[in-house]
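Next up: some structures, all given as structure tokens.
Across the two complexes that follow, chain A remains constant while its partner is chain B and subsequently chain C.
Our next item is the complex of A and B:
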């Protein structure tokens, strides 16, 4: 192999790796968007149960649980059940949000819609990898 | 529209927080504010009228229980212990008595029937065996409950299975039970809210009374003016033809329950009527329609004319048309008329009609069953009116007879229905359930008369109510109600004569009517204003000096 061939090979490999990683990033973003859309539908459902002044916001950073969150324990149960239901229906894959692993980190998982979306994405990718 | 917020107590052995959320936050009328009694306290809550939930004089109660929570022997049966059916049904009787007792605290009580999640029927073929099968037992319990509660006029049992069917796979979710003691999925609660609101709306007089129908591609398939009645898609061995027949059958069943049918169609009238008369598969006959406007005029104007002919307001009507442009026209020009989105596919017409949920009636009276006949008699009256010169001449030829009766158990149901449904000729628009109306009429200071109206064309039935509250030297006309079917024949004056004659005989000095304005009762105000000087207006009151007699119109035979 000539030296100029080695350089070309290295450049090609680097470009290919870059393309692959950006594709996987794009897939990640697309899935995140899909999960967010699904969670916004869950919020629409939850809001049917609540007076207008107590509606939950459809954004990823507004606190859901904890001291500044609007969800009480009954609201959290509804969020869990509806999220499981809609993940299976809209994303085509069931997840479990009532196992010890999830319930031992309620504040972290259900802190905001953003943290919940990240967690669901992790569960779905674990399932795929497993 | 009923703007009042109705307070509703929810009593249950399980968590009804989600149901309460849907009930309170649903934007449709009637608006409900739900108060949830502590769950798991069903029997104490039903027993003790001092419980906090009853303290805000609620209008409505919903008592929704699991069978094993209130019937001890059913709980034993769930463990497959041996139980005696008679003993179990006796417990249903005892529970029913608690419900009857509770119903005195509210105007309306709703009791969803008992159900079990389908996974409970583990014994398959034994499930329908007497004293063994859970489904067999629960069916008997529900029937017994319904029979026991039938005699109490303000308790209504709902069929919970309907809600379960509508919710499909989401009817039950063990997670909701184990995490929150919630028996049903939210879809069940949403279906329950729809039915409860429809029922309450019916009781408050908000039910629709008239369905206005298009003809071409609505009542039958095809354009009759183009293809001729012989070639319409209706009946026969054709899936669309069968769907149109089923749609007509569903309409006929509504007509038999007292809902009026009418036609507004852009067509040549003789051509359309010929199709109705001659097509062998027409389920609906001409006499099933209380009226029609078949011409090429604007449909909105035709709807207005038709409702005026039938003496009904736009809030009474539902407009069904396959053409979205016509639906939009009515929606825009007559917003109070209910214009449902209509499926494009005629195969969905029957189910679309049956799921409208706006025709709920708390009871069925004889008048309901023959309502279309009553309107057809009215058409004959109007035809006579066109042939005679003056109003007086027309009235004198009707041979009007008004029979006055006190309120009694035999006419109570119809009187309560009239009180709770009438909007236009209604002085105070107060709404009372049967038991409260009877209790009011039995008070020694109160008098209430019902009036049955008939003429040579037919019997309109019990169509009027007038009542008095006499305190010392003053008598107040509290209810002054006349069905729109018989308005404008001076029966109003016969009603006043009935009340005033009683006041005069009792030696009371003054009699007055206090008009309480609603969005719909202007005809009543117009009537009292037309009575001057016999009734003098003073603010919202119309006062009559009882020294002056008030005569029954000459063309009316008043029978007491």
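Our next item is the complex of A and C:
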């Protein structure tokens, strides 16, 4: 093989990898957006169950649990139940947020809507790959 | 945050450990731990206590009481939730929710709930994991007025008039005693039935219970009732001890005991058995077994016990006894309908539960 052929082959591989990863990144972003939209719907439903002064913000970085969080145990359970239901309905794939693995990292998973969205995305991709 | 699950076997070890009992908040008392570890329906590896720790301090806990449901020839093992507490400063950490889901996972989603606080019900309802069983309807009968207690509970500042209220109560009590005296003389509602008090379930009673518990949801047996009587969660003690001060739920009362009462016909034949729980000035009927035709006499026997033990109030949850009570015509200040809610997790919803009977002591209610 001539050196120019090697270079061309490497360039082709790099370009294809770039296209693939950007596609996968695009898919990732699209999925993230879909999950975020779904979670905002969950927040709408959750807010219907809560008094106006306790409404949650549709904000990916606002704390949900922890010292400055606004969810007590009943609120957290509502969030979990509604999220499981909406994920199955809107994204077409059921997930479980009450298994021991999730429960062992509640602070990290339910810290904000953003962390929850990332975790759901991870669960969905694990299901797809697995 | 770390959640530790203690099994029956772990609790036996914990009872010998020093460190476990040195935390600022206790997740269980020693006598309650002994009771959990002796539960005849629990296996050694059943988780019975979940404790949430943060920086080595207890921030929440949840007890589980293993039990069994009997339907025809099938037996379903499950656990009753009990003693569920979360440190008020940690309500936004989700610790209550984590404890509940951990318990559900540990029992293959098969749990039950008897009674429960408003907060606990809110969390359980939110989980959508539980369905309500039939509500147990009962009667709360007040035999004595107890104005002192009622007023001082609402307005503690009136404590200075305590003596006046007490005199009034004593006068009312005398009227009650007189009415009781005449009622007992006028009526032989027990129709010559006699009693035998027992502090443990003997063979005869065990067999009698077995003949009458076929429609019970949890079909308690000799060993179960003996366990309840022998290992109370509340001790009779005059003052709150150091453990009681560090444990959220009741662990002592001035007066607390169980009493088994066998009811015998004139020929010595056993026609009924009931188990009473007396806590301070309140009596509750926790389990009762009898021939239907003797319901009125058994109701009279229960009332006689309440009057003889000088309690202010009696709680009854047995349908037949509740229905028989008005026929007794016994003197009382008020009789108010009360109810106890029971729930089972949806995982048990397919169990064909029809015409089952619940007792006033089912779940963890016999212990409080």
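The criterion applied here is as follows: the second predicted complex is superposed on the first by the 130 of 130 C-alpha atoms of A that agree within 3 Å, B and C clash if a C-alpha of one lies under 4 Å from a C-alpha of the other, contacts with A are read in each partner's own complex, and residues count from 1 in each chain.
What we mean here is this: contacts are C-beta pairs under 8 Å (C-beta built on N, C-alpha and C of every residue); 3 or more make two chains touch, one makes a residue touch a chain.
These numbers come from a predicted model, not from an experiment.
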Handout entry: Combined model on chain A: chain C and chain B, fit or clash
Key = clash
Problem - Partner chain in contact with A:78 - chain B first, chain C second, else both or neither - result: both
Exercise for the section: Determine, under the contact definition given at the top, whether A:118 touches first (chain B), second (chain C), both, or neither. Expected result: neither
Exercise for the section: Check whether A:106 is in contact with chain B, with chain C, with both or with neither, and answer first, second, both or neither. Expected result: second
Handout entry: chain B versus chain C as contact partner of A:65, first or second or both or neither
Key = second
Exercise for the section: Name the chain, either chain B or chain C, that contacts more residues of chain A. Expected result: C
Exercise for the section: Pick one for A:50: touches chain B only (first), chain C only (second), both, or neither. Expected result: first
Exercise for the section: Based on the superposed arrangement, let me know which partner A:98 touches: chain B (first), chain C (second), both, or neither? Expected result: both
Practice task
Indicate the residue numbers of chain A shared between its chain B interface and its chain C interface, in ascending order.
Solution key: 73-74, 77-78, 80-81, 98
Problem - Contact set on chain A toward chain B in their complex - result: 45, 48-52, 73-74, 77-78, 80-82, 84-85, 98
Fill in the blank from the handout: Touching chain A in the complex, chain C uses residues 1, 3, 86, 91-98, 100-102, 104-105, 119, 122-123, 125-128
Exercise for the section: Quick one: which bits of chain B touch chain A in the complex? Just the residue numbers, please. Expected result: 15, 17-18, 21-22, 24-25, 170, 173, 175-176, 179-180, 182, 186, 190
Practice task
Write out the stretch or stretches of chain A touching chain C in their complex.
Solution key: 65-67, 69-78, 80-81, 98-100, 103-104, 106-107, 110
